[in-house]
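This report refers to the structure that appears directly beneath it.
Order of writing sets the chain letters: A, B, C and D. Residues in each chain are counted from 1.
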Amino acid sequence: MSEYFSNIKTSTTTIATGLAITLRHFFNAVKRKGDAGIDDADFFKQVDGLCTLQYPREVIPTPVNARYRLYNNIDDCIGCNQCDRACPVECITIETIKVTADDLAVCGKTSGGQQKRMWVPVFDIDVAKCMTCGICVSVCPTDCLVHSPVADFSEFDVKNMVYHFGNLSKIEAEAKKKKLELEKVAKAKAAEAAAASGAAPAPKPAPKPAPKPAGSEAGE
Amino acid sequence: MDKVMEEAGNLMSPMVQESKAAYDIIRERFGEAVSEFDANPTMPFFEVIDTAKWVDIALFMRDNSRLKFNCMACLSGVDYLEEGKLGIVCNFESIGNFTHRIAVKVKCQREGGSIPSVSCVWHTANWHEREAYDMYGMVFDGHPDLRRILCPEDWTGFPLRKDYQVQETYHGIKVPY
Amino acid sequence: MSSSPSLNTWSDALSGFTLGGFPLGLVIVAAIPLVFIALYALTYGVYGERKISAFMQDRLGPMEVGPWGILQTLADILKLLQKEDIVPTVADKFLFVIGPLIMFVGSFLAFAVLPFSPAFIGADLNVGLFYAVGIVSLEVVGILASGWGSNNKWALYGAIRSVAQIVSYEIPASIALLCGAMMAGSLSMQHFNVVQSGPYGFLHFFLFKNPIAWLPFIIYFISSLAETNRAPFDIPEAESELVAGFFTEYSGMKFAMFFLAEYGSMFMVSAVLSIVFLGGWASPLPNIGGLALNDMTNGPVWGAFWIITKGFFFIFVQMWLRWTLPRLRVDQLMYLCWKVLTPFAFIAFVLTAIWEIYM
Amino acid sequence: MQELGKAELNTTRIIRQDDNRVVIEKDLDTEYMVLSMGPQHPSTHGVLRLECITDGEVVVEAEPYLGYLHRCFEKYCEKIDYPAIVPYTDRMDYLAGINTELAYCITVEKLLDIEIPRRVEFIRVITAELNRIASHLVAIGTYGIDLGAFTPFLFCFRDREIILSLLEWVSGARMLYHYVWIGGLSYDVPADFKKRVSEFVNYFKPKVVELQKLLTENEIFVKRTKGIGIMPAEVAINYGWSGPMLRGSGVKWDLRRNDPYSIYPELEFDIPVPDGKFSDVGDSLSRHLVRALEMDESLKIIEQCLDKMPEVSGFDPRAVIPKRIRPKAGEVYGRAENPRGEVGFYIVSDGKSTKPLRCKARSSCFVNLSAMKDLSKGQLIPDLVAIIGSIDIVLGEVDR
């Protein structure tokens, strides 16, 4: 019998404790959590109160090293293909064309001063496949491939999730390929007929275009 | 600790010595039914050669007062393609009694091979054996409920075999997408 | 019970009003509670509950539709109206359709005897309280019909649980209300209020006049939670066990009907609680010397204000409990009913009788 | 297995036929009902399906069906390099990514036999313990939901959010970290990290107390969980249970102590085991209690690590990461204490390839869940929900 009453007593007290806690939160609802990021020194001074974020208008600030959407700075890309090989989900597609000797200057150098030896007509990243593991970034020799802190890049069409970073258009790529073949043929000829020369290379194509963002906006 | 094992080849670490001691007890009892002890530093193991005795060995390992391997930590199926065999690797330990651990390998023929089930000895083995069957297709004799566990029941082939060819369609769905 | 002359003046006048032989007045009398339920369920019931739960959980609640999300309920209703009204092929169609209707009618009929103000009551029955307790139980039929008619295992579980629960909890609830009836000496709803009103405000309420009244008050409150399937007694619709209980298969307006019925009976039990123990439309403010607060805050309009405020307060407590407590199990629910509440209700009954005779 | 005596099943026999159909032979006129609970059910924590045979509200038999979230982890591992497996281990136990990564990485490190810098070990332990708290918060919160208490869940998630922010700050991702690498870490911690974590510890301590008051001490909660799903210690060991499940049965077994890895031997912490006063040893409440108490222990560990962590200027956490990971031929079984129990990896290397020949993941939930059939016998449906909740499964880990 005493257990019966002690049960009633503990039930009442514990329920009352719980009710007190929720009521305290109810009256604390006048406060709201601030929008400081975790890297802010005052972060823990503003965590009291309602903590909802109204998403599209308010976002959790992403820290600088956040690893979200992949971005390739094609100007620095040397087309080494390492990221493609390292990617566990195979979300990167790369096609490269060797730069002919006379184009080296046009192709330019990376910001690190390395001579680029490859045209990269196709550098597609399927960010819908990408699992943001960061392995490709870690193997990139010129640090041109980075995970940007842009976390929200939803699209209505999954095709738009494929980002094109290539630095040549299709026509230009064709031209470069032809040129490379010509050069090869020329070299072969040169090797064959040791004395022959004067096979003038094809006329120079248009200078290197800017990285072409296709689909939606692809860069930052 | 077991991480520091520079002298792995010559000197056995305390952990391996413990395993060796446990193995000696089993060897003493079962003799040629078990293979020599493989004293590698990362996972010391022995192999059960006479697979028919596997359940007896298991019971002995569990109940012997000097062994008391009351916990099966893991049971993994392995495909030994070169040997033409399938096998399981079981990791044992003794919770609350001793600190020794040991691994045991049991192998069977690739096609139509079977291994006695130890799910009556350790309940853990029940689902693990089902998983090994699901992935490799070796049959566990005496298993109470040997069905596929992770793959659908009407899946064809055993996915983790090295020569596994994925089926083209499954209920009209193209499989290798 | 004969009513004092100032009582029921509005409703009497309205019900006498006819238009070309058509009793328009009666229709209006019936429409007022209906409109009230709809409005209250829309505002306080759905929106209020969302906001209250949100604030208790450190959330914001609905914020998108309208300023502070106040139009959220309208958006929900629009959504429910647009939804396809699915009747499963294997369902018992008649029971499936009639279930929510019975539930709603049950909770709505009880409003007939609810005195909204001194001057307004649907029907001043002399067995008003008895009628209210009886008619609310009609919901059980609706729940069972919908649960059985859905032909869904979860729904059946929910329905059976619900019936067992509601039928059991009728007993402590009725006995607790009987204590109130003894104190008032009547079963007429208006009379409850009349005897509890007076110049000293809340001191005339049974809860404060009679020390024993606390016991039936608490017993009735707990039982009313169970009767309306509110947490911690929401086992018929326990979402983590039975998906959605007896209304698992419902969609569209039929689903909305369940909600309306639930909120209707929530207000109903809260109003009964406040009428029986807290004076209903009587003002709780006392006359202090020359400051005649009580006289100032009594009257038909003030009466409506007080009874709705009291009802809403208890609804708030119901929500507060819901968002704090875990759910009971079926057997624990029955234990609480038969081994705790019912004996205590009997004790309260006897004590009240003794108090009424000797004090 | 202890007979709980809730259902009288003597009159009825359940037979599983050769083609796996369940047939019920009955003598009395009770009608049994087959109830398919899940894969879309609010309290199966994902896509678990339980085929319950019920006698009214009493569960006669509950058979779990898995595989709805099977993602061929082990098959994948045979096709990708050792370092590239790490992000996949994240996706196994997605609530405790760092712990699972740690388990995998120490396994491969064992095989590679490399020495890890001390600072890396400390950072690993801090982040792993933070992740353990986050994981337990989800476990406790969802357990509250299973039992009908919604508010503790959101309080738990509010605090978990802060941990996720902390880990995002460190690793760059909120849930699927890929932070622990074989032989190191992906980044060093930010400059203010120590300060912020100690602030978090101070912030979190009162929240744990509040959570205990709101949920654990609540009488209804206690009544719902006490004595439900009792698992005796020997049976638990035989089932291979680990982590909070095993400790809930009263076995003081924690891999951080019993098979120590990283720097755990240097740290002071208790292994909470129920004493049988507040709960019956081995019941659902004990398991919940162990998780709740473990959060305090994790806080203790974090505080000690913050004190002891060596400051190295210009520290490169990738310094000892091998350029090309190709372990010598051999086999290894390595494991670590995850929030849900022992996560082990059995890896076979052929010594030639950069890909493992075999990588088996021993998942704690998979093993813990295998006792479901025994635990659920004769329980009520609400108790079944309470038991599933107390096992705290993550289907990503069960199915891999």
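As a convention for this text, contacts are C-beta pairs under 8 Å (C-beta built on N, C-alpha and C of every residue); 3 or more make two chains touch, one makes a residue touch a chain.
No experiment lies behind these values; they were computed from the predicted model shown.
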Subunit A and subunit B, separation of their C-alpha mean positions in angstrom: 43
For subunit B paired with subunit C, centre-to-centre distance based on mean C-alpha positions, whole Å: 64
Rounded Å distance between subunit A and subunit D, as computed from the means of their C-alpha atoms: 32
Two or more partner chains touched - positions in subunit D: 151, 158, 214, 218, 220
Subunit C, residues touching no fewer than two other chains: 56-59, 323-325
Overlap residues in subunit B, where contacts from two or more other chains coincide: none
Contact graph of the chains (line, ring, star, complete, other): other
Chains touching one another, given as label pairs in label order: A-C, A-D, B-D, C-D
Complex contacts: residues of subunit C adjacent to subunit D: 53, 56-59, 153, 157, 231-232, 234-235, 238-243, 323-332
Complex interface listing, subunit A residues touching subunit C: 8, 15, 18-19, 21-23, 25-26, 28-29, 49-52, 54
In the complex with subunit A, residue positions of subunit C that touch it: 52, 54-60, 63-64, 320-321, 323-325, 340
Residues of subunit D defined as touching subunit B within the complex: 16, 20, 66-67, 70, 72, 74-75, 78, 109-111, 113, 234-235, 237-240, 246, 251, 253, 258, 260-261, 265, 330-333, 335, 342, 344, 346, 348, 358, 360, 362, 366-367, 369-371, 374, 399-400
Residues of subunit B touching subunit D in the complex: 1-3, 5-6, 8, 40, 42-43, 45, 70-74, 76-79, 89, 91, 95-96, 99, 103, 122-124, 126-128, 131, 135, 145, 147-153, 159-160
